[in-house]
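What follows is a pair of complexes built around chain A, which joins chain B in one and chain C in the other.
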Partner chain A sequence: MNNRLKVLRAERNWSQADLAAALGVSRQTVNALETGRYDPSLPLAFKIARVFEQPIESIFSDSGA
Partner chain B sequence: MMSEIQDRPRSLAAKVGLTVVLAGVGAFCGYGMAQLFKDHGAPWPDVLAVAMAVALIAIGLMSAIVLFTRPSTIPKGCGVLQIAVFLLAGVMLLLPMYAPAAIAPDVVFGGIVLLLATQTVANVMLWRRADEMLRQVMAETSAIAFWALQTALFLYAAAERLGMVDSISAWALMGILMAVYLLASIVASARRGIT
Partner chain C sequence: MKDNPVARYGGLLLVCLIAGGIAGGISAAFGETAGVGPLIVAGSVGLAMAAGLWVCARWWRALDEAAQEAHKWAWWWGSTFGLAIGGVILFTLMYAAPERLTGEPKDLLLAGAALIGGVQTVGYGIAWAFWWLQRR
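Coming up: the complex of A and B.
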């Protein structure tokens, strides 16, 4: 699965630690999400969408699509 | 409200200093192991257990150095609990071999039970406080270690029943289990970019 987390975070000038704090996860988890090493659970994906105030499908896309 | 502050990278001097400290910890561990192994008569299960103990303690110490020297903007998260688990595991592996020289075996065993209870509490707290990715890494570590160990144990048990290999002690099996679990942990962590 692909995502635009790094771009969205950079647009807001947030650090990985800032985003991790907003999501209630570790900085390593944010890093793994951004580098595609970890796909979030559905609840975490919804939380990410809420933090960035965007629909899930504009943040995540199926790499096979 | 987000701080809009970027993680401040370490200065070159801080990076060099940290590298020197970590290299020092590595050298100390290597020297310690060499001292322990200079008695060539040590049975291989003891050598394996000492190697695992030193590895666990070294990982714990290096994690502590990294945890307490990184920028304060990065939350410490479950780091302290992880360090406690590593250090306790290392100490518990050393005690049955070296503590009886100074303390009665039943007292040593009582201490091990106490440390194991403490480590169990730390492990439960770690699981409860971990985020979803860390929990997945822990679950994957357990799965990898379980399948590797049960496969190896079945093959060994079959060979032993057929009289093809000698029996080995529970202490030796424990050392092998720790080695496999540590390797599984490294593999599961590396897959998520945790180093």
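Coming up: the complex of A and C.
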């Protein structure tokens, strides 16, 4: 699965630690999400969408599609 | 104290130490009475395990989902590989080098459990580190 987390975070000038605090996860988890090597659960994906005020489908896309 | 994890777990450690002291005292006073010794051991170890599980449950709930996933993956793969490797070592010792196993049955039992547990723990640690290194 691909995502635009890094871009969205950079647009807001947030550090990984800032995003981690907003999501209630560790900085290592944010890094794993941004590199696309860890796919979030649905609850976390919805939380990410709420934090960035964007629909989930504009943040995540299926790499197989 | 409620918001300070060091104080909280220090308090738990103190409670366990006091419980251990009480169990030791009861054991010294009544341990020779037939049938009481195993009950004291079962009660003390059960209490220690319950306290450990309580700490683990609190720690687990504090982890985020990726950290939990890393531990679940490490538990399955690392511990399973560790169990398999430990099993090979144990059976090799039992059948290829029985002359090395000269201790009391109780000591041999504990040594076997420690061997398997130790190798599983090493496997767990390696698998946990591997999971995170893959996702850097």
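Basically, the second predicted complex is superposed on the first by the 65 of 65 C-alpha atoms of A that agree within 3 Å, B and C clash if a C-alpha of one lies under 4 Å from a C-alpha of the other, contacts with A are read in each partner's own complex, and residues count from 1 in each chain.
Assume a residue touches a chain if its C-beta (ideal position, glycine included) is under 8 Å from a C-beta of that chain, and two chains touch if they have at least 3 such contacts.
Nothing here was measured: the structure is a model prediction, and the numbers come from that model.
Taken together in the superposed arrangement on chain A, chain B and chain C clash. Within the superposed three-chain model, A:Q54 lies out of touch with both chain B and chain C [touch as defined at top]. In the superposition on chain A, A:S41 makes contact with both chain B and chain C.
By the touch criterion defined above, A:T29 reaches both chain B and chain C.
Considering which of chain B and chain C touches more of chain A, the answer is B. Contact with chain B, but none with chain C, is seen for A:D18 once the two complexes are overlaid on the shared chain.
Applying the stated touch rule to the two superposed structures, the overlap between the chain B and chain C interfaces on chain A comprises residues 24-26, 28-29, 31-32, 35, 37-38, 40-41, 44. By the touch criterion stated above, chain C contacts chain A in their complex at residues 64-67, 69, 132, 134-136.
Residues 2-7, 73-75, 77-78, 131-134, 136, 191-194 of chain B are the ones touching chain A in the complex.
Looking at the complex, you find that chain A touches chain B at residues 12-22, 24-29, 31-32, 35, 37-38, 40-41, 44. Those residues of chain A whose C-beta lies close enough to touch chain C in the complex are 24-26, 28-29, 31-33, 35, 37-38, 40-41, 44.
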